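The next part holds the structures, each set out as structure tokens.
Two complexes follow with chain A in common, the first pairing it with chain B and the second with chain C.
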Partner chain A sequence: MIGNLDVVTMELQLAWRNIWRNPRRTAVILTAVIIGVWSMVGLGALMRGILIGMIQNNIDTLTGHIQIHQQAYPDDPAIEHSISDPETWMSAARDALPAGSRWSQRIRIGAVVSNARHTRGAILMGIDPAAEARLSFIGTAVTEGAYLADGDTGGILIGRALAQQFDTRLGRKLILTAQDSDGEIVSRAFRIRGIYQAEMADTEKGFLFVNRQSAQQLLKLGNRISEIAIRLPAHEMAVPVANDLKARLAGSPLRVRAWPEILPLLKAYVEMFDTFILIWFIVVFVAMGFGILNTTLMAVFERMREFGVLKALGMRPGRIVRGVLLETLLMLVLGIGAGNLLGLATCWGLSITGIDLSAMAEGVAYAGMARIITPVVWIRDLLRANLVVLLLGLLVCLYPAIKAARMTPVAAMRHH
Partner chain B sequence: MLSIPVKMAWRNIWRHPRRTLLTTLAIAFACVLLIFMLSFQFGSYEAMINASIKIHTGHLQVQAAGYQEQQEIRRVIEDPRAVHQALAAIPEVDAHAARARAFALVASQERAYGIMVEGIDPAAEAQVSTLPRIIRAGAYLAPAPDSEDLSGALVGYLLARNLRVDVGDELTILGQGRDGSVAATVVRVRGIYRSGMDDYDRGAVQIHLQTFQEVFSMDAAVHEIVVTTGRLTEVGPIQRALAPTLTDLANTHPLVSLSWDALLPGLKQAIAMDLVSGAISYVILILVVAFSILNTFLMAIFERTHEFGVMLAIGARPARLTRLVLMESAGITLVGIGAGVLFGCLITGYFATHGIELGGASDLFRQYGIPNTLYPRLTVVTVTAGPLTVFFITLAAALYPALKIQGLKPVEALRLT
Partner chain C sequence: MGTIVECNGVSKSYRQGKLVVPALAEIDLCVEAGGFMALAGPSGSGKTTLLNLIGGLDDADSGTIRVDGREYARQSKAQLADLRLHRIGFVFQAYNLIPVLSALENVEYVMLLQGVAARERRRRAREVLAVVGLEGMAHRRPAELSGGQQQRVAVARAIVSNPSIVLADEPTANLDSKTGEGLLHLMQRMNSDRGVTFIFSTHDEMVMAYARRIVQIRDGRIADDLHKASEHR
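Right after this comes the complex of A and B.
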């Protein structure tokens, strides 16, 4: 046992000395590995950050982690597909929610908003102000005026972009027109209590917030609602908790969906990015793989005589292969270690303020991204980057290693 | 006949065929990848731009100033005929069509939605947009409103589903006219279209421009005149040719012409962002390649110190040796780039004619107007930009070892083996 350990220490020592025989050459190839790994970690974290930003953005903007609707509502969001008796269902579902979850009841119905000069379509959100504030962006988004108060049946919150388009301001009135549960067109005036700002102008134009009771009254809904939105303590819980809820609510007229189901495009995006990150890792590896192979080949060819002598002295080919691979391994570990440190430091530096893309706000909105990108380091991405470099690097160097081991003593002696 | 230094450099390059091969392969790999990626990016941009332009936006639009930002019903082009006349006189203009639009409550038997109602001139619209070709049920609008029956309307398939209407059903439109009066009419669904872009397929109802103008008290006015042309590059000249007419025309809000990138600022910025982030990754990739081949260049010097000593001793000047070494590096780089450009063009060219199936991701791409099959665009820019950058960065890497020679002393160099 001790003998074994001694051998390993000796081999390591030998390999370490060998890689520093030509310090400049090792330094150059290390630089290639470091830049490569640094870019893998850095760009990987940036892409992950963009993705997380997109998910966060969507979840904050009224999606939540899980939504519960009447069966037909997701395909046909019409007023007759409302949930009756939401309290009963909620109490049945509550046990399935982990501690720290928040939920809220909402009305979500298409409506027309107008004033004397302007008209446009928008989504009318009937919310419970206190519960909603803990769930979605709206609780902290009001920049002018005030958030909706409980029991304020005549107040409405609108987005900044809509206020600009409608040439209106706090205290003015807007008319909401919609179809009530009997199919009749109804309308009512609301007074602007607050103006909110959102990540995207489309959100600011598209959503109007009133108290749930006033929406229910206007639309003759009684206590029926459109949806129950749930926010969980972590993104990853969404699917398992949704599955649990589905099981509990099986047989009910309700449909439970987690965010990947609500936003299939976002899910497709996440999957595409995942593949893309891996492809990028491999591309960067191939770029440095040529250098790693070339450098190892040079190092091996310079030492052919040495390998010949070793073999003449009775060293088995397997040990030569191991020796060469160990040198590669040491070099890779050094490069990967430094690359990771550098990459993490860069991510840390960038995450202090984040990368502000507000100057490109419209492009950012078009791509569905968040305005500020913060790199996010995922252990999984980090592991993948490191494994790609380490395993493929060793695989590539198998060729020079075998080349060295195959050298016959006689041929090697002739090698100058 | 090749000069002696070139011959020498070429022979030196192939002293270590394996090493040279690996180095050229690294360079070729970078070139192939860059050519393919850039062509792919430009191909997808073109698909996105064309899709947006052809489905709805056109290459440029004439509008009243401020309409693009505000979309108020009263910001109109009062005399569209004069604009049409001016456009007809510009040879680069392929087609032009007027549109008007307003928000309204559109109700079917069962449902009502607040959406955009758009007045189009069916015959002219067919020239500027793909609308007539994406009808999936029913038919495109007749050239003029039916005097016997209700005026016709087109709806997107998503909106048709939401409204629960089919071809032949009636829709009630209730909105506010240009003068503030109530605008109300009933139209009959004549066709249902599907563009693949969800926002468009759920966002609007198209009716006859003539009907729209009557119902919304528009008189002869319209909101935009869409212009299409053969190429993106002709947009500028058309705008310049149109400018005098637009300034001369009396209009309450002055008339302006807006090019596609002003009409779709998000698309343009998204393309710019994609290009910048692409450029950053490519430069990093080239740096990795440069460092991984730097050793080849370095070894070309260190293995030959003795040889250089001999050459210096028999009277070669250091500058000449530097030139020789640089020529060798440039030779390797050029061979690599040559191979890379060749294979890059072959591979990209293959996909440019056969297309790349997007498979599972196509739902996602369709929202940006990218069709199921994407064709990379092989252009002078996409073929040269990457390899040129590779060339310069690689040469910069080769400069360091080549300059090392300058400090070489013959006697010391000879002592080394």
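Right after this comes the complex of A and C.
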């Protein structure tokens, strides 16, 4: 055992000295690996940050982790597809929710909003102000005026973008028009109590918030609601908890969906991003791999005579392969170490303020991205980047290593 | 003393594209254990080719080669490598040493391949470096040694594991005559003190003068085989 350790020490020493025989070449390989790993870690974390920002953003906005609707509502969000007796169902579902979960009841119905000069379609949200504040972005989004108070039946919250488009401001009135549960067109004036800001301009234009009771009154819904939204303590719980709820509510007229079902596009995005990250790693690696291959081949060819002498002395080919791979391994480990440090430092630096994309917010909104992205380092991404470089790096160098080992002493000695 | 090298009807030719270059034809040669033999002949006569075949570095086209009683044709590549590692020492004309290892480490490295324990390696390497007169330079790298000193390290490395035979292909070709003679004295001493058989090639008359037996090769054939009286001391 001690003998083995001593052999390893000597081989490491030999490999270490060999890689510094041509410092410039080693510097080239190291630079390639460092830049490669740096960009993998940095951009990987940035992509991951964008992705998580997107999920967070969507869940914050109004999705929540889980939504419960009347069976037909998701496909046809019409007023007649409302949930009757929500309290009964809520008490049946409550046991399935982990501690720290929050929920709220909502009306969510298409409406037309207008003032003297402008008209547009929007979604009318009837909310319980206190419960909703703990669940979605709206509780902290009001930047002018005030959030809805309980029992304020005449107040409405609108987005900044809508206020601009409608050329209106706090204290002014807006008319809401919608179809009530009897199919009659009803309308009513609300006074602007607060103006909110959201991550996306589309949200600001698309959603109006009033008290649930006023919406129920206007639409003649009684105590019926459109949806129950649930927010869990962690993203990962969404699917299992939803499955549990589905089991408990089986046979009821309700439909339970977790966010990947509610936002299939986002789910597809998440999966695509995962693939993107891997493809990105491989693209970076291929560029880097060619550099490593080239340089190692050159290094090996320069030393053919030496390999010939070693083989003449009785060194087995396998040992020569091992020697060359050990040199590669040392360089890879050095480069990977430095690349990770740089990458993590960059992520840390960027995460202090985040990257502000509001300048290009229009395009960003389209993709459902957050305005400010912060890199997120996942151990899994980090391991994947490092493994890609390490394993493929060694694999690439197998070729020069075998070339060195295959060289017969006689041919090697004639090699100049 | 017995025979250590035995070549029977050994032929070898090289292919260069469509051209066949004959290098050795029907060589019969026996070398006694403990011999100190020169392989002489003009450039291109086949000296290196013959040494490579005896060293198991290349395959003969026909004929048999036996070293230490083992017939090469029957050995696998790995067995041949082991045979070289344990029974044969090599000294080449130049660039014998691993440039990133010191003189001491170069000598140690062969023993490392043989699996000799660290302490033993160090002891024997120091001892043999002292024998070749380089104890003060154990920690110098090859680039910090003169050509003659480098060849001494190569001889030290060749003999450190007590091989039966040392094959030296023009070991003095890159040295001036005084340094070359020094190296020959050293080889002679290793031969007489340790009983190691030496076969070295040369086309230098002065170098041949040191040999107890001179085998002349011309156009891949043995042209002359001269045993000097001193061999039967």
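What we mean here is this: the second predicted complex is superposed on the first by the 415 of 416 C-alpha atoms of A that agree within 3 Å, B and C clash if a C-alpha of one lies under 4 Å from a C-alpha of the other, contacts with A are read in each partner's own complex, and residues count from 1 in each chain.
We adopt the following convention: a residue touches a chain if its C-beta (ideal position, glycine included) is under 8 Å from a C-beta of that chain, and two chains touch if they have at least 3 such contacts.
Since the model is a prediction, treat every value here as computed from it, not as a measurement.
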| item | value |
| --- | --- |
| Which superposed partner A:Y269 touches (first chain B, second chain C, both, neither) | first |
| Most chain A residues touched (candidates chain B, chain C) | B |
| Touched partner set for A:I352, first chain B, second chain C, both or neither | neither |
| Partner chain(s) touched by A:A116 [first = chain B, second = chain C, both, neither] | first |
| Contacts of A:V410 with chain B and chain C, given as first, second, both or neither | second |
| Contacts of A:V309 with chain B and chain C, given as first, second, both or neither | second |
| First (chain B), second (chain C), both or neither touched by A:A99 | neither |
| Partner chain(s) touched by A:A250 [first = chain B, second = chain C, both, neither] | neither |
| Touched partner set for A:T295, first chain B, second chain C, both or neither | first |
| Chain B versus chain C as contact partner of A:T177, first or second or both or neither | first |
| Contact set on chain A toward chain C in their complex | 2-3, 6-7, 10, 14, 17-18, 21, 305-306, 309-317, 319, 408-410, 413 |
| Contacting residues of chain C [partner chain A, same complex] | 52, 55, 57-58, 77-78, 81-86, 88, 90, 92, 95-96, 98-101, 105, 108-110, 112-115, 117-118, 157 |
| Residues of chain B that touch chain A when the two form their complex | 18-19, 22-23, 25-26, 29-30, 33, 70-72, 74, 102-105, 107, 110-116, 161-162, 164, 174-176, 180, 265-273, 280-281, 284-285, 287-289, 291-296, 298-299, 302, 360-361, 363-364, 367 |
| Residues on chain A engaged by chain B in the complex (per definition of touch) | 24-25, 28-29, 31-32, 35-36, 39, 43, 75-78, 110-114, 116-122, 165, 177-179, 183, 185, 264-265, 268-269, 272, 280, 283-284, 286-295, 297-298, 357, 360-367 |
